[in-house]
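If you scroll down you'll find the structure; I have some questions about it.
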Amino acid sequence: MRNSLEPKPQRSAALLVVVLLILLAGLLQWVYFTHAATAPGAGLTALAQAELPRSGVTNPVTAVLLNYRALDTLLELSVLLTAMLGIWSLGPATPGYQQAGAVFAGLAAWVVPLLILSGGYLLWIGAKAPGGAFQAGALLAAAGVIQRLGGDPRASLPNESAQRWLAIAGIGIFALVGLATLVAGRGFLDYPLAWAGWLILLIETFATLTIATLLTAAYVGGQPPPSQTTATPGMHRMQAPDRKA
Amino acid sequence: MTATLALLIFDVLMLLTLLGLAVATLSSRDPRRAAILFIAFGLWLSLVWARLGAPDVALAEAAIGAGLGGALILSAARRARASSQAKARAPTPPERTPPV
Amino acid sequence: MDAELLYASAGFILFVLGIWSLLLHRLLIRKLIALNIMGSGVFHLLIATAEHHGEPADPVPHALVLTGIVVAVSATALALSFGRALRGDGDD
Amino acid sequence: MMETLDSLLPVAILLSSLLPGLAIFMVAEDSHWLRGLLNMTGALVKLVLVGMLVWGVYHDHSYDAELVLAPGLSLVLQADALSVLFVTLSSVLWLVTTVYAIGYLEHSPNRSRFFGFFSLCVTATIGIALAGNLFTFVVFYEILTLATYPLVSHRGTPDATAGARAYLAYTMTGGAVLMIGAVWLQTLIGPVDFTQGGLLAEQPEALHGQFIIIFVLLLAGLGVKAALVPLHGWLPRSMVAPAPVSALLHAVAVVKAGAFGIVRLVYDIYGVEFAHALGLLTLLGVLASVTILYGSIMALSQDGLKKRLAYSTVSQVSYIALGASIFGPVATIGGMVHLVHQGIMKITLFLCAGNYAETLGVHKVSEMDGIGRRMPWTTLAFSVGALGMIGIPPIAGFISKWYLGLGAIKADMPWVLLVLGASTLLNAAYFLPILFRAWFREPPPHWPHEDIPRRRLETHATLLWPPLITAALCLLAGLFAAAPFSPLEWTTLIARREYP
Amino acid sequence: MTDSLVLALVVPLAGALLVTALPAHAARIGLFSVMLNTLNIALLTLGVWQHDELQLALGDWAPPLGIGFVADGLSAAMLAMTALVSLAISVYAGDYFRDPARARHFWPLWLLLLTSLNGLFLAADLFNLYVNLELLGLSAAALGALGGQRTALEANLRYLLVGLLGSMTYLLGVALIYSGFSTLDFAQLAAQLARGDAAASGLLGATALGLMVMGLALKAALFPLHFWLPPAHGSAPAPVSAALSALVVKAAFYLILRLWLEVFAPLTTQGAANLLGLLGAGAVLWGSWQALRAERLKLLAAYSTVAQLGYLFLFFPILQGLPAGETRSNLFAAVTLMALAHGFAKSGLFLAAGFVQQQAGHDRIAELGTTLQQLPATTLTLALAGTALIGLPPSGSFVAKWLLLGGAMANGQWWWVLVLLAGTLLAVAYVFRLMTRAFGLEPTPRHFFTQARAEGPALLLAAMATGVLGVATAPLWHLLGTSGGLG
């Protein structure tokens, strides 16, 4: 391992850091407690609840994520995309490092569909209860991770071109919806109330696919090797886990 | 009164466990062990958050923070270990940090 | 003593622990874990402030934390990739 | 309509060298004709425009162009009598030097770069001359430093690099000090517009202490370029530059910019009476006198012709500062007129020195035996310049010294006469031996490096005509000093406005 | 008109998405998006010019629930500079990344970087800024490592980690603010702070500001937190170095400026501002000294960035001490002008340095003489950029320094004058250490341009800094609404 970035810190420097950090922690506690004792912030609970009927969903967190502060989410997806592009720019993916045993393969064959199903459920339920695109996307990505652990070096991801399209789909749809409302004269991402629920579901569906793709690709860690072209597209493809790497 | 007290004790225990896990994670020298402890920390954190009335975030932390983040770190740790075992003749990796 | 303050306090401690580990440990993986725990501390603080004694919690900090978690994972993944490229000797 | 045109004229004068300069950078190295065309067009257009300006200012037209950069901060170009004096000098000498440089640098490398910066240098000088406030002055003063640096290091030899480095070290430090002084003054009294009679006299007395410090700072900044002792160190070292550059540096641009700045400082910022009241004129006078004597003494012992001329510049330019330091209109006239007279005389000398070097490879005084027989016309021009420097009538230099001396007597400062007398003796002591060698000694059998064979003319026409023209100007300025539009008449006009 | 606020984000983002999906056409789509962005920013600037300020609540959700975008003069100036610099960099990059394998990595990350920069200059919401900061940090680090050498990887990994530390610190400040004020919006926060209800909230606000400024100072490479900058900027590919030095650190500085002078103005003190100024002074001296000692051209440029950022921080104590009025508004415009001039000059310098490096095969200053003399246009670029770095006329930084000096004197804060003097002379030394090499005895170059597509953009950028910005400053003053006596 040569991932050390700095020279070895001196013992005295380390001690200094510790003292300073203890002081910092003390300061933060003191400031926060003084403030919370005298004038605690009221939060935006009431406001968020009051506007909920205009948001198109009933889960307030989803309302914040995809309506009130939708721009944060759009940019956050872009951060995820940036990470994947950065990872791809750093070199090709390494092959899976482990061959799965039969037990694992059996387990995977059982777990993966379950993950996909629960992902779909979380996506759907996100409008009214805890859940949503991120959780769903993470579960799908987990399915991909298990595939890779099971010996599929590409974690069930399709070929590079399809991956690229999947990676931008969620962000693209998000931006397109925003542009559509803009063109309709309402302002960027200002959904008409009647459509809001459906538009949010549309965005979330594509965002789920994108999040799953991006997270899985980040786990695979590198640009897909161009030579290896598997034709079958799509995430939900089962693959024989007994392949020897 | 006792119920509030019991709840307070419960909260304190939860937090102490959380901090204990954090300290254990941060102070373990073996990356792989640290990664596993990090996953445990993340899962415990999601429990705490569920307790704080944030089920959405708890779910996300369990799936993304602890789950995928942990898996990323764990696989990197395993790879690092594999490569350092492969280079057994290489000098001791500069992992020693001064005890603080 | 109020539970909410206790929870917030844990957030600060996590943050400071994270910085400590980030500054003093040299192994990339440990640095990244440290950064993640730092982040967790901040997220934890946000979640703790969102809680208001039995009333429904404030959804805005929750959404912020959700965003933050994804950002943190993205950064972790990118940094690990840097580490792999730096080692750069075909890992297996 | 007329007003717009009036404000356009100073800008046009500036652009007439700036635009050709920028264009010349882009000209391919081999396109001699295009480059020459750009150069000559610029120089001639500028001369015509300056002619219009002179006519206008003489008839009390005011020319004003202002570009506001920020509230309280603007670039102002305006033409008063003093600036016209300097503008005319620079544009006439630019034309002459350009012609000379085209001939001088034939076949030499990097000409696009050279002429580009040459034009920028003149642009900066014109900007200094036309600057209507201290900010504008500082802007162009610094641009001048930047534009001259490549010219000094043009040769590319280690000597040239070292000379340029010394030049840079002095002028950049001076520029920074000047800027601090200028900003300080502006902080105290607001925008410092050059005003006839000065603008500090009415300020509250509490500020006078600061004004003295500021004067010292500004004088130090200007003194570097004006080569006041002890800030003169760069000048002899930058003699490594090609002859046209030396000519420009000494006669027109750099040194003169410093001297011109001192004149502006005394007359148009502080006001001569106020400066006198603060005792600042004495400081300036002493510095100038020391410089005059020091430069002359150093010149005595130089064998290198250009070095001797360089020290002579150190000495002669301080006449201008000396004139500014003596209270009274007559000395003012003497100092200001020397701005022009020293310019035309010194450029003549440098062009001749360049001719000797380029034609025969003669660089040292000791090699000049009998050079008057080989190159009579050049030596004639040189003699006019040298005698003028000594102050022999009827050449221009005599007028300057006469007025300076007269002014000193009127201002009851007889010690100045001693300085003048000593300096004149020293001038004679370092110029006359050269003339004696050139005219009356036997020429050697071989010249060190005879590059240009003698044909119908003793050297190339483009090298010969410019010094002859400037030498003629020296004579004319002396002979027809009382004619309208002569430098003397013009400075009398200025002095009359300065001392109502 | 407010559409252009959103389009500033959407245009480069859409470009990034398209380039990601269609890597074979990366260069063409990329350049087209950047041009479109420039056009849009021109419209935006025009809007600010006419209306002083453009505001937008995204999704029609007014703050505190929603996110507000505000474009005032400062934003517009930074956006315009970013648009022009990124256009020049893009033209240059089309030439630099001719290899399609590298182009397909460069363009999407580059457009994402541009997205985040535009977002940073527009967002008036503390948390949205955090997301933008992360987008910026990740894309910048990935771009910086595109060269692929070990040094580049190490430097940019460190940059990434430092950036993360910075943004986490910033985020802690944001969390404190939200806990105390229940809003993330600039205007609402400023209004609450100005009311100053309780001493405790002032304390909380001040702590949060401290954390945020610390985090941002790390990203803005304020001395002594600058250690990561020189290796990262010195090892990145030239167009990326240009963007990093000219735009990315400037974005963090911009945020500090805005938070300090606008949002948290009631909480700032002269002592705290003096500390910033002191660090700035340290940066000026240390950065210039290191630039003077640097052996490689790009490293020289990187250290000079450290020094130039120091100048920007020198404005804080002086601004703090001045009462509202002409001097102060002049000074505020001056700091903007300084940032713009440095942005143009440094990007020009890095692009030129990249071209020199391509031509010479290295960038060791001591051995560059021959190459410099063969490239007149590039040498002129270096000279113009150097003029702006020193702060000589006719550069924008000269005007800015003049006003800075004036402010320091009006304030009686004399000591900064000495710092400026020393910094200027050191800058003269390091710039001319390079320029001296351009005047040697090498054969004369035949033509001004050797490769116009690479040298042209750099020259134009440098001429913006030295030339245009030194003379045409009145529009900036108008844009910033401090026109005073100007029409």
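General observations
Order of writing sets the chain letters: A, B, C, D and E. Residues in each chain are counted from 1.
By our rule, a residue touches a chain if its C-beta (ideal position, glycine included) is under 8 Å from a C-beta of that chain, and two chains touch if they have at least 3 such contacts.
Note that the structure is a prediction, hence the values are computed from the model and not measured.
Path length between subunit D and subunit E in the touching-chain graph (shortest route): 1. Shared contacts of subunit A and subunit C, meaning chains that touch the two of them, come down to B, E. In this assembly, the chain whose C-alpha centre lies farthest from subunit B is D. Put simply, the chain closest to the centre of the protein, by Cα centroids, is E.
Among the other chains, D has the CA centre that is most remote from the centre of subunit E.
With C-E and B-C as the two chain pairs, more C-beta contacts join B-C. Taking each chain's centre as the mean of its C-alpha atoms, subunit B lies 11 Å from subunit C.
Separating the centre of subunit A from that of subunit E, both taken as means of CA atoms, is a distance of 30 Å.
Here the spacing of subunit C and subunit D, counted between their Cα centres, is 69 Å.
Mean C-alpha position of subunit A lies 72 Å from that of subunit D.
Looking at subunit E, one finds that residues 65, 127, 131, 134, 138, 141-142, 145, 153-154, 157, 161, 172, 176, 178-179 touch two or more other chains. For subunit C, the set of residues that touch two or more other chains comprises 8, 13, 15, 18-20, 24, 26-29, 31-32, 49-50, 56-57, 60-62, 64, 66-67, 69-71, 73-75, 77-78, 80, 82-88, 91-92. The set of subunit D residues that touch two or more partner chains is empty.
Chain pairs that touch one another, listed by label: A-B, A-C, A-E, B-C, C-E, D-E. If you check the complex, the residues on subunit B that touch subunit A are 55-60, 63-64, 67-68, 71-72, 75, 78-80, 82-84, 93-95, 97-98, 100. Subunit B contributes residues 7-8, 11-12, 15, 18-19, 22-23, 25-27, 31, 34-35, 38, 41-42, 45, 48-49, 52-54, 56-57, 60-61, 64-65, 68-69, 72-73, 76-77, 79-80, 82-83, 86, 94-95, 97-98, 100 to its touches with subunit C in the complex.
Remark: subunit C residues 1, 3, 6-7, 10, 13-14, 17-18, 20-21, 24-27, 29-30, 32-34, 36-37, 40, 43-44, 47-48, 50-51, 56-57, 62, 65-66, 69-70, 72-73, 76-77, 80, 83-84, 87, 89, 91-92 touch subunit B in the complex.
By the touch criterion given at the top, residues 25-30, 67-73, 75, 109-113, 135, 138-140, 142-143, 145-146, 149-150, 153-154, 156-157, 160-161, 164-165, 168, 172-173, 175-176, 179-180, 183-184, 186-187 of subunit D touch subunit E in their complex. Across the complex, subunit C is touched by residues 65, 127, 130-131, 134, 137-138, 141-142, 145, 150, 153-154, 156-157, 160-161, 164-165, 168, 171-172, 175-176, 178-179 of subunit E.
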